[in-house]
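Which chain is which? They are A, B, C, D and E, in the order written, and residues in each are numbered from 1.
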Amino acid sequence: MARWFLRRLGQILPTLLILSFGIFALQQLMPGDPALILAGEDRGDPEVLAQIRAELMLDRPLLEQYFHWLGRVLVGDFGFSWRIREPVSQLILSKLPVTAQLASMSFLIALVIGIPAGVLSAVWKDKPADWGINAVALFGISTPNFWLGIMMIMFFSVHLGWLPPSGYVPLWEDPVQSLATTIMPAFVLGTGVASVLMRHTRAAMLTALAQDYVRTARAKGLMERVVVARHALRNALIPVVTLGTIEFGRLLAGAVLTEQIFSIPGFGKLVVDAVFNRDYPVVQGVVLVTALIFVTLSLVADILAMLVNPRLRAA
Amino acid sequence: MSATTATVIRPPQSPARRALSAFVAHKLAMFGLLVVLVFIIGAVFAPYLAGADPIATSWSAIRKAPSAAHWFGTDENGRDVFARVLYGARASLAAGVIAVGGALLIGVPFGLIAGLAGGWVDAVISRVADAMLAVPFLILAIALAAFLGPALENAMLAIAISASPIFTRLARGMVQDAASQDYVEAARAMGNPPWRTAILHILPNIAPSLLVQATLSIAEAIIAEASLSFLGLGQQPPSPSWGSMLNSAQRFIENAPWLAIFPGGAIFVLVLALNLVGDGLRDALDPRGAKR
Amino acid sequence: MLLGADDPVHTMLSVDRLSVTFQTARGPLRAVDDVSFTLEPGRTVALVGESGCGKSVTSLAIMGLLPGSARIGGRLSFEGRDLLALSAVERRKLSGGTLAMVFQEPMTSLNPAFTAGEQVAEALRVHEGLSAEAAMKRAVEMLDRVRIPDPARRAAQYPHQLSGGMRQRVMIAMALVCKPRLLIADEPTTALDVTVQAQILSLLAELKRETGTAILLVTHDLGVVADHADEVVVMYAGRVAETAPVGALFARPEHPYAIGLMGAAPRFATPGGRLASIAGTVPDLMSPPPGCRFAPRCPFGDDRCAEQPPMAPLAAGHQVACWVAPIA
Amino acid sequence: MTGYALELAGIRRHFPVRDALGRPKGAVRAVDGVSLRVAPGEVLAIVGESGCGKSTLGRLALRLLEPDEGNVQVLGQEWTALSPRALRAARRDAQMIFQDPFASLDPRMTVAAAIEEPLILHTRLSRAERLKRVHELLARVGLRPETAVRYPHEFSGGQRQRIAIARAIASNPRIVIGDEPVSALDVSVQAQVLNLLMDLIREMGLAFILISHDLGVVRHVADRVAVMYLGRIVEEGPAAGIFAAPAHPYTRALLAAVPGQGAAEAEPIRGEMPSPIAPPPGCRFHTRCPFAVARCSAETPELLGTTHKVACHLAGELPPAAPFAEAHTGGERLSRLAAHFHREEA
Amino acid sequence: QQPQNLRIGLREDPDIMDPTLARTFVGRIVFASICDKLFDINERLEIVPQLATGYRWEDPRTLLVTLRQNVRFHDGEVMDAEAVRYSLNRHLTMQGSFRRGEINTMESVEVVDPQTVRIRLTGPSAPFLSQLTDRAGMIVSPRAAEAAGRNFGARPICAGPYRFVERVAQDRIVVERFPEYWNAEKIHIQRITYLPIPDGTVRLANLQSGALEMVQTIEPDDLAAVRRNNRLRVSISDELGYQSLTINIGNGPRAQTPMGQDARVRQAFELSIDRAAINQVVYEGVYTPTVQPLPPANPYAAGALRPEPRDVNRARALLREAGVTTPVVVNMTVPNNPDLRQAAEVMQSMVREAGFDLRINAMEFASSLQAAVRGDFEVYLLGWSGRVDPDGNTWSFIHSRGPQNDGRYSNPEVDRLLDEARVEADVGKRRDLYAQAFQIAIRQDRSRIYLWHRKNIVVHTARLQGFTNVPDGLIRVTGLRLQ
């Protein structure tokens, strides 16, 4: 196990290195002078701009900047946000719980909707109920998040006044309010993931239901409910678990537009604002952490797959 | 031995034709295809169908609700929303098709190479693809669009690049899968050089799965274009795309909801239709659906 | 084994004019057409025929496991009860308890997500209402009876950890654990090596001796039939071509298809010589030929074959559906 | 020059195995030191239980797999030393037929294209000449030339296997390896294909290696038989000799297990083949051998003998074996009636 | 009475909260509650004392400022002349200071007595005093600033009515009433939370649903909805700035266009647009069309300079006169805001009639800014938030050495006039100088096309009282009260 872990870690590192360098290079190629953006509307005089550039090492060659940054990261220092001068690590740490909460809630919503819907539509394949479930699922996939988000705000906050339209209250400050602020974005995100889960659960269930062992289960005289829920679903969930973990990773990696719409101070918003403000240390840090989360979760996905799939578990 | 070959005399049926007939039998998929075709026709013949110039402004008819004169109403510059939705289909369809075409062109060759070459070539390509997948799509697309400058073509390119690792992965996996198939081994046993095996035997056989993924990716690309437009990185004014229409409609969601409903509905219907087509294709091309 | 022998005391299973039609996209497909035979306790009836001739569909019809797209005609009675008239609940009580089935593919017929023991125990819990522990205990005993070495350890293993022969034994244990009175074995050994096949078949024979279970053995291997069946039903394209006691069939096959089938088996031919190869292919059941279904491939046929031949008795328990039979 | 069509010497191939997590777990000793010779015009059958390494041996013989050790000589040419390019050219002499007729034909190539491929690769024929040859080949395997434009899925299993055979003989090979070429087929179809194969072997003077687990088929077709157990050959000799007097206990068990010998009551051989990852020491069969003695678990027996070779310490000492029971049913009447079914091959 | 909490929606997240290093406009809104300045401005744009009690020009280069007594910083330190000296020097000398450009005419600060400082300038400067009404006039606690160094912005300590409590980047900034504030009796609200909500629709939705009490600004097209809502109040004032088209006249190769090279073409362009119509279409007629950088309320505005009516025929004639082939292709860079894009689209259709082919290049802001500085543009549509002193709206943009003169317009006469106006203390004379400069730079050379002055549209709940809308768009907290 340890060796396997090391091998996997051995794969993560190059991925992260390639990624960080790629992002670095991309930043360098991106138009927009960070010093100029930092100077704001007043621009400042050229001397100030030069000072800023020197301070941020923007006048150095790309590789020097990169290795300087890398050297710092290796000792756990992600640098400071150029724009608000907070340490990037602190920014990331403060956004992580927000995003984690949002991602978890969306994922929960996705699970609660997606999996039963997938199972039912597989059981009712080609019946009107199946079509209905599929149409709703596809609605989830095909509605841009920003659009659904604004619609929900207009309806639930402005017209009905039930939910706060945007913003975020931390869970530990006021749990009820916290849920109220995150339920809409979580729903917007969750429906998309629910659709994906539903479609995959359905496919996996259809496959599972066509398997010989389902027939064996029926031959034993089991009730259809038991056949579906125990024999078919248990197997259908194997691919869905892997997929679900990856989807969760994508939720964690930042729900860019949704956070933007709902002013949720999470990862996605952090990084988008940072890109637009050319706040490169933040971009760099967030992308790195995001990628780390992502690859870690795909590791977790493998481990989970191992847990649910006896074929992988027992060597 | 004549009786042995007495299979019913039918015109030869290529796998593609067989898939086609299976597809045609798939009602939902045909419906989806019909919708897509309607959109394509609408886009291609927009000049004849629109009945109005999509960029002709009219200060006397700003944000007018749908009426007989303007079926979908007019927008904030007094332009006919129906015409803009039709013309917008051009941008959105192009965004989808071209971006996914690009993603295929970028992604598949790398996937083929990685899958066939193995070893360090595979490792490098896979790691780069992983790295790209690990960056949230919009971030990558935003960075690329910012780098390339905002324009529909660049948005397409950005979408293409960020969608390509999926195809690399898919192609790589399928190539490795196919490489262990008997017919590939048979090709080798016959004395086929590797490149010939790859292009003649493997590629045609993985193409259907790529096609299915492509239809689904087109749907995603259309939404991605909308999202990039929402951030102002897609189609440039005054030319319409559904995404940019939705984007500017946002300001008027209270006063002029039709500005959002029609492009939003168009996205929904088209993406839905593409998904249906993709599903149909998957069923039609599924080897398990094939008669043994 | 006589047709129409409907003495309720002796006839365990009677299949009477069974027909099964599938509603397919291309139209109705009659997979089984007018099939009749009976099965007595403690006997083995073999169902033989080429792939696609309807053997499995017949077995599944008896088990009530056909998909919803199937329409069943005729009568199936088990110990006097009409199987087709059973309610879902009654049917469930019967399946897995009194009626059990072993499937062809031991690799896929076991659920990969449950241990062997769990799968064997499940039927006990359903049919005998045993607790989990009690059921598991019985399951382990059953695994031991089907000669799985170290049954307690094996019971805790997943199917993928077992070899093919072992899995088939688990399948058999699963089928036998509730002491069924009728066991349907659908090609139980086709996927196995000859040595393992021999083990499994002798195991089945032994169990039959001990419990008096009736067996419907589906196979396409005439060797297996010769060694293990009491009576044989030869099927062709959804219909019964010939039914006979096993000795009679091998001594004197009457239906041209049965002759062709035996002549095609290398086991029954001289080494290096020509094998009988039945020309053409099995008809498409969607549009079967009119009259005798074997007629287009039959070297013995004549004008009468344009009509469907009736099942005609030749000797005790030996019936054949052929105008030409008996052939000299 | 040896005069053999194919000569394998000391071939060994181990597959490293990893578990689901990619941890190495040892090696499957799929083929563990096998030497064989096949003369032109000879049919050698390789028999054995599933997983004993038959297919691997076949693939090694054609260098579709690289052996870890040992040499392969095809028509006197040392194949193990050929460059990839030279190997590709040499492949015209040695072809393969696979077990699964559904998997071994590219589903997206017409029959003509599939059969034409070896001609493109190995001959300088013009397109028209190639097409003519394709039609000849189709006719040879009993398919109508019109079928050339069809796709594999439009054919039945037997027809597909004929196509695969036509493809295999297209380049006029001297050696053909059939890896279970008929086991996926129904008996009656199997008979058609076997008849065809035997005709071709005779006509073309092919050296044919038949890999099979069906001893009925082997008995019918093979001139010589090699019995494999866990990656090794345990017995090899003329078919008639082996079936009449199997020398190795494993061969005996294998023959005895064939159904249809009225052996329902006989006690079948115990146990299953051990894992090829950790084969038993000494004679690999000793764990299941009813005759095993202490020596069997300690010492590996050599394959000894002249024409009929056996790898067993007790080779000379065992009681005489019951011969393979030739089928007794059916008899003369069956042969006569069955002959009516040959007519179509006239 | 329960503690009052005021939630204000901002259009973006402020940058660093250090008066010396801060740059953004929204940052100034937050500073308005935590950092008092030496001076402030009122609704009439008059300079009024805040931490100072008065000032006197000893000579055109020496300013004497008297300070308020008994003022304390949030850390309890006393705000005195020494603190003022420290803060002004910090603004002037700290590395990376963005204040330096604003007060670089300052030579030195002397402490005269604890309540008086003397500021010496390198030369006469009319705008200098007005700079002290903004961040350059904010006084920080020397002790805290010294201790925190460059990280002062993480926890700013000033002498404003509220003290900084916490900041969660991109989420909120919370400030709390400072009981020892010198004017504490006029501060009624206990706590203010500033919430950045970038999306205009969502910002308004928050206000409508009662999740905010106030928003910094809304779009004109939402005015109608807000006015219908009787629980909301709107307060509109002219902004100090303007929006204009910067034309590349001499910045690199892209200046080599008819627009860049021929004032007649620019005039034709200007004549072909109808500002009032654009204002009507895009901004509901709320904004004020203009042709000059100074809003009407500014005492230095050139009253005679009014928008010319749209005249397509003359525009065509001018193009003919200029001898250019029509359509004249004009590429216009537009930052990616929905309203600016729409305005550009309207312009596009207007100038088409006169023979221009206006191509819109909507660009993400950071990229557009860099492009403008590099001269990689032909026409650039951009706004300026404005300064109280006319110099802040002019010199930088039309003086040949102006740092924001992206089009590199250069006319020695204009330079001279602007330099003179800079040191002219007399209001009347100064107004004349600007009028002359505008006459040349705008009417004659058409160096820029000024479009309109926006409005600060502040919306708040009817429960909030005491809000005065000063044209600088800041939200002053003194006197605010929630019912």
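The rule is simple: a residue touches a chain if its C-beta (ideal position, glycine included) is under 8 Å from a C-beta of that chain, and two chains touch if they have at least 3 such contacts.
According to UniProt, the chain labels map to these proteins: A, B = ABC transporter permease; C = ABC transporter ATP-binding protein; D = Dipeptide ABC transporter ATP-binding protein.
Because the structure is predicted, anything quoted here is derived from the model rather than measured.
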Check: Under the touch criterion given at the top, what is the topological distance in steps from subunit C to subunit E?
Finding: 2
Item checked: Contact-richer chain pair (by C-beta pairs counted) among A-C and C-D -> C-D
Next item on the list: Compare the CA centroid of subunit C with every other chain's and tell me the farthest one.
Entry: E
Check: Which whole number of Å gives the spacing of the CA centres of subunit D and subunit E?
Finding: 88
Check: Counting in whole Å, what is the centre-to-centre distance of subunit B and subunit D, each centre being its mean C-alpha position?
Finding: 48
Notebook entry, point to check: Where the CA atoms of subunit A average out and where those of subunit D average out, how many Å apart are those spots?
Noted result: 54
Check: Centre to centre, by mean C-alpha position, how many angstrom separate subunit B and subunit E?
Finding: 46
Next item on the list: Send over the residues of subunit C in touch with two or more other chains.
Entry: 279, 281
Note to self: Show the residues in subunit E shared as contacts by 2 or more other chains, in ascending order.
What the structure shows: 199, 201, 364, 366-367
Next item on the list: Specify, in ascending order, the residues of subunit B that touch 2 or more different other chains.
Entry: 1, 3-4, 7, 146, 149, 231, 250, 253-254
Checklist line | Of subunit E, residues touching subunit B in the complex | finding: 199-201, 219, 221-222, 224-225, 277, 280-282, 336-339, 341-342, 344-346, 348-349, 360-364, 366-367
Note to self: Help me check something: in the complex, which residues belonging to subunit B touch subunit D?
What the structure shows: 1-5, 7, 10, 12-15, 18, 181-183, 185-193, 200-201, 204-205, 287, 290-292
Check: Which part of subunit A faces subunit B closely enough to touch in the complex?
Finding: 11, 14-16, 18-19, 22-23, 26-27, 29-32, 131, 135, 138-139, 141-147, 150, 154, 250, 253-254, 256-257, 268, 271-272, 275, 287, 290-291, 294-295
Checklist line | Interface residues, subunit A side, partner subunit E - complex | finding: 30-33, 36-46, 48, 51-52, 55, 81, 83-86, 91, 94, 150, 153-154, 157-158, 161, 164-168, 260-263, 265, 269-270, 273, 276-278
Notebook entry, point to check: Which residues of subunit E touch subunit A in the complex?
Noted result: 13-16, 18, 21, 23-25, 95-98, 100-102, 104, 150-151, 153-154, 168-172, 195-199, 201-202, 205-206, 208-211, 364-367, 369-371, 373, 384-385, 403-404
